[in-house]
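Multiple structures are listed underneath, in structure tokens.
Next come two complexes built around subunit A: one with subunit B, the other with subunit C.
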Partner chain A sequence: MSIAAPLRSKLITPTTLVLLALAAVGFYFLLERFLYGLGAVANINQGYPWGIWVVFDVIIGTAIGCGGFAMALLVYVFNRGDYHPLMRPALLSGLFGYTLGAVAVMFDLGRYWHVYNLLLPWHAQPNSVMYEVALCVMAYVVVLWMEFSPAFLEGRAAGGFRRFVDRWMWAIVALGVLLPTMHQSSLGSMLLVMGYKLSPLWFTLWLPALFVISALMMGYGIVMFEATVVSRSFGLPSHRALISKLSVVVGLITVAWLALRWGDLYARHVLAFACVVSVRVVMFWIENALFLAAALIFIVPAWRAGRRASFLGAVALLAGGSLYRLDAYLIGYTPVTHWSYFPSVPELMVTIGMIALEVLLYLVFIKTLPVLHGRPARR
Partner chain B sequence: MDVIRNSDPNSDLEACLGLDPDGLTRWGISRRQIFQFCAGVAATMGLSSAAGASMAKAVTSPSRPPVIWLHGQECTGCTESLLRAYHPTLESLLLDVISLDYHETLCVGAGEQALAYKRAMMEKHKGKYVLVTEGGTPMKDGGIYCKVGGKTHVEHVREAAAGAAAVIAIGSCASWGGVQSADPNPTGAVGTHSVVPGTTVINIPGCPPNPYNFLSTVIYLLTFKRPPALDAHNRPKFAYGRLIHENCERRPHFDAGRFALEFGDEGHRLGYCLYKIGCKGPETHANCSAIGFGDVGFGSWPVGTGHPCYGCTEKADAFRKPIHALATLQNLTPPTAYPDVSAENGPAIGAGAAVAGLVGGLAVGAGAMWLKQMGSEPDKADASNKEP
Partner chain C sequence: MSEVDRRDFLKTAGFATAATAAPVEAAIPRSPKQISPEAVGMLYDSTLCNGCKACMSACKMANNMPADAVPESLSGWNKGTWDSPEDLSGRTLNVIRLYRNGAAEVKDREIDGYAFVKRHCLHCVDPSCVSVCPVGAMSKDPASGIVSYDPDVCIGCRYCAYGCPFGVPQFDYTDPFGKIAKCQFCVHLQKQGKIPACCDVCPTGASLFGPVKELEQEIGRRLAAAPGTPYAFARGKIGGDRPPNESTIPHYTKAVYGEHEAGGTQVRYLAGVPFPDLGLPKVGSQSPASIAEGMQHTLYHWLIAPIVAFAGLAFLARRNMAHGRPDDEPKS
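Then we have the complex of A and B:
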């Protein structure tokens, strides 16, 4: 049995330098955004008040960050302790996905200096889905840091905070499973108010369920993706047996998701919309093809056993889930006719910078903190 | 029957209302309809539901207050407007709720017979009847420009106002003179309040006014025996307390700087704000934008149909200020510059697409290379790598 240990490899490598450079470019444009305003850098407009910052950094970013949620559900709720080696890396990716997602919301808020009002109960509008998302994501960021805190605390003197975390970890973990179900489904509920502005291929009263289940799938997808990438990059054991076992479950969830989606499309008599040729319909088919490919790879034993195939399955899952969100929030969404949106270069660079920063911080953390299992325990 | 009445808490009210508990109707209006109507009126006026109940009691009381209705210089548009009231219909209101004893358009009798009946009713109900005046009163040359039965309108109004419990001036003509008082005002037309100085005249201006503003005021008078709260021009505040601009459905266009610039232009066809083609909504106090006309739902009022408001409830506006003249904004001036209307469709796909394509291509390419190498490497194994 192995225990988690820091990798202790060099922090400054060509990879980290490139990531640092990308993050720096992103920060340059962010500086511009905060000095000259949203209009100076972003292509968002009156018709498309949210752009790639919200959709990628927040909607997709937090779904990718659901690794912690997905694994906590598996390890603690279904009591599958054997998956524990995958827990901390999953939490770590969730940590950055969510923290940076919460920070990225601030870029997109026109009057970000008012954001503290969210926390003042007398200004609260508890019927608002966005309010629920905001508070819930904030709370979950705190919960994630607490869940992850043992990585900082291990090997240190037992202080008051550590005692608190040890005593209440069960409650923190419970919150860590509860909160994402709340806000990931709310991200779907948010689109319910859009009504006819959203294409019937995406608009359904099942949006909250589709969003929360696909977030779970993406959570497992990122866990598998990370495990493979990290093990190959740093020459660590790949936990392939664990992942193979996990992928059956994920495949079944994906099939269930597809069944729900297509059953709903059929029940609403809107399948005809999927037969028109347009950008959004092509995206719709790509999205579903990705999910179907992932489901097939994970369920057919021969494909599941292949390293490359199962890695591709995880990628398909992540790409499908991301595209689903991108479609629902931007491509399948027509706020007003005759308006268009495509992200500007600065907008893209900010998002790329944020992703680079996430990967960079992930690398720094696994090198300095006990996150990854693999090295035999040194006793 | 007595047993039933005693066990029914509503029986007193029903007896008082003259309604039978079996749900049969009186005057073709069911008890439920009366209550709904009065609750609606009370809500329109911002009163409580208890006020609705008192109103129901008042309007179904057997002693109907007599109403004397005089026509002066006018087009009878106000009466026509009132004929279009549907909850309840005018006939059930005027024949049953109030006792319309004299109305030159609607009365059955004619000539001396009608005038004699008017005199008799005014004598019989002295100090108790409600006087409604419709139309302006010509004052020039002794008021000879409007006569009924050989007497000038001035005399008719003064005579009737002397014995009236309350005076209501319906329409812009009776409120402040109306169209015939526009320059050069050849007949010296004035509103009713100028004819009977010292008497409180409740003005319901509008050309025509919304019938429900009139009905609500009448029912308020019947119920509470006093006029509703009035503004500086003696208009009921519940109907004339706010600017049309404040509740206009086109207000978002005003705030966003989207204006029709001439009749029939693109902005006009798209339903933009009519301020720049002379809408007087920003300086006109009335509830047209909130309740509309004719009980046919949303948009049935001048601005809703694409015509600028011409300020019919304001003496300073209607028939004095040209249709095209800009209104004076009371509380908010639009900025001198708005975001460019023509550039609002979002930018063309540009360098962003190139960068997105580049990044996507790099990611796919690097991923493919990475995958290719993965196939040629042995898997590192550890204890957890045993296939289950």
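Then we have the complex of A and C:
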């Protein structure tokens, strides 16, 4: 088996320059936000206090960052060591998904200079689902960096930190599975307080289960997506056999998720809501169609064998999971008075800038640190 | 699906029983909270309100809130000189809104009529904002039941605004150091022995302050009296010494808003037109906070589930790593 090595290709390329430019535009609008207030940049309003900075950067972004969670569960808990080559790239994308999600929280918070109150025990409010999410995500960001730290430490003299990480890696890995299970399910529980403001197509007591399972699915989705894109872009050997094997597992999880979702809709007698024509109902159907497409691509043997199958399936999963979150938090939500919301261009540019920064950092890390397996194609 | 979609849907598909299935009357709510015996509240009687908006300007002055203008797109006639908020906002704690239908000829009539409604915090018995706030910046006084806000603790996450069933807490997006705004029953005036500014200035008694128990009795008397009966409507504070507003009992809808909504609120509404027309949302009687907290307390009871899960995961991870050093690359 091969070992992980840095790609060592050039850092400055047209791609990285474009990404850098996008990140710079995002930072410009963030500066405006801090100087003139949230309303100067974002379209959030009296009816929609949460916009895409919360829903895309945090709710969706962290789910896309669940690759490390999903692979750790498979490799270490279910003892499938053969998937190990996919572990580090998965952790790396999680590292940036979560770290930048936490950064996004900071600029979305209206009174960010008080954020430390979350850590002061006398302000703790354990009834709040968000309190649980906040602590759990903070802890998980630390855990992710520790899980990934061997990539930095490899080949260096064994210092105290390295000994600590080596010795306790089993506990770090266990936390790396437990914490995302907790906060990804809580991202679903956060909606349980919404009551009638959330359409019954999304409001259910099963929200925590639907959120954590779909986060797992999106985690596997991003692993398959990256594996394809990275091996194509850098001429690395692809892990096709491994990914094809993984895709069956993911397909079955997706079927289970759909069964839970539709079983619950049926049991609550709300399927009738899916039969009217409105924007949110169309979104509901697109969401489910994407999940179904992913499940079929992964399970039907003839389709799975296709050259682009795992890539297309992964894209369907990521799109379906993202849309599910967008719907549950914004599109399926009805404010009390007649406000509407669509993100402004500056608001979108901030989110695009964050994504660009994430991809940029990912590229820098795989080029300079031992993350990917296979012969680096020197250019 | 919005309320409108829902109604259209009911009309066209006739799936009434299926579609009215309440979204949440379910399994795991924690027990509901009870109203404090000393709770103070407000009765807003829409039929007495003449839309003078004295309560709005009194509220602004009493709470030092800046003027608020209509949205820029509508502001051709008013560039912000006049206080003219359209809705609650980071600068407006209390707003009078108008319902109008057709020719808008008769007050308190649903068809071809009009009516006023006053919107501000309802001071829920089991408030969602208090339940969702991660740092305890929202709190409910155990005796008076007043829900108040502490900007020195608030982190500005706006979960209270997102979660409130009545759309009350509002963040000021125009200020880089903005904060949440919501009615706190003029608690600072109450400490001086005064009553909330809106009730103090209301000329007709449409906004009436007092202990919730006494307000409930008053509501009972108004609903029991036949329309047209002469009636002395108290002004300011119930049981106070102000001369009442001598008028007659109107045609009430015979419903009280706030008695059961979201587990009950300390502000109650009487009206001559149905409450949804006034923009008061249809809210179930179960408090949303009790559902979210019920789930959370079930999953995280004494942290037993996470601790057991951690033990199991740690055991498996340790066993599965024992073969090599899986934190590093497999050396093969």
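One rule holds in what follows: the second predicted complex is superposed on the first by the 374 of 379 C-alpha atoms of A that agree within 3 Å, B and C clash if a C-alpha of one lies under 4 Å from a C-alpha of the other, contacts with A are read in each partner's own complex, and residues count from 1 in each chain.
Simple rule for what comes next: a residue touches a chain if its C-beta (ideal position, glycine included) is under 8 Å from a C-beta of that chain, and two chains touch if they have at least 3 such contacts.
Because the structure is a prediction, the values reported are computed rather than measured.
Asker: After the alignment on subunit A, I want to confirm one thing: do subunit B and subunit C clash, or do they fit together?
Answerer: After superposition on subunit A, subunit B vs subunit C: clash.
Asker: Once the shared chain is lined up, is A:W285 touching subunit B (first), subunit C (second), both, or neither of them?
Answerer: Once the two structures are laid over each other on A, A:W285 reaches no partner at all.
Asker: If you stack the two complexes on chain A, which partner ends up touching A:F164: first (subunit B), second (subunit C), both, or neither?
Answerer: neither
Asker: Would you sort A:W262 into first (subunit B), second (subunit C), both or neither based on which partner it touches?
Answerer: neither
Asker: Mind working out whether A:N127 is in touch with subunit B, subunit C, both or neither, as first, second, both or neither?
Answerer: second
Asker: For A:Q46, decide between first (touching subunit B), second (touching subunit C), both and neither.
Answerer: After superposition on chain A, A:Q46 lies in contact with both partners, subunit B and subunit C.
Asker: Please name the chain, subunit B or subunit C, that touches the greater number of residues in subunit A.
Answerer: Residues of subunit A touched, subunit B against subunit C: more for C.
Asker: When the two structures are overlaid on chain A, which partner does A:V115 contact: first (subunit B), second (subunit C), both, or neither?
Answerer: second
Asker: Examine A:L35 and indicate which partner it touches, taking first as subunit B and second as subunit C; both and neither are also allowed.
Answerer: second
Asker: Can you list the residues of subunit A that touch subunit B in one structure and subunit C in the other?
Answerer: In the superposed arrangement, which is not itself an observed complex, subunit A uses residues 1, 45-47, 339 for both subunit B and subunit C.
Asker: Quick one: which bits of subunit C touch subunit A in the complex? Just the residue numbers, please.
Answerer: 1-3, 5, 8-9, 12-13, 15, 17-19, 21, 23-24, 26-28, 87-89, 128, 131-136, 151-159, 161-167, 170-180, 262, 279, 281-284, 286, 288-289, 291-293, 295-296, 299-300, 306, 309-310, 313-314, 316-321, 323, 325-332
Asker: For a test of understanding, state which residues of subunit A touch subunit C in their complex under the given definition.
Answerer: 1, 3-4, 33-40, 42, 44-47, 49-50, 75-77, 79, 81, 84, 108-112, 114-115, 117-118, 123-132, 134, 147, 150, 154, 165-166, 169-171, 173-175, 177-178, 181-182, 185-186, 189-190, 192-201, 203-205, 208, 268-273, 275-276, 278, 280-281, 334-337, 339, 370
Asker: Within their complex, state which residues of subunit B touch subunit A.
Answerer: 339, 344-353, 355-356, 359, 367, 370-371, 374-375, 377, 379-388
Asker: Which of the residues in subunit A come into contact with subunit B in the complex?
Answerer: Against subunit B, subunit A makes touches at 1-2, 43, 45-48, 82, 85, 231-232, 235-242, 244-245, 305, 307-308, 311-312, 315, 338-345, 347-349, 352, 374.
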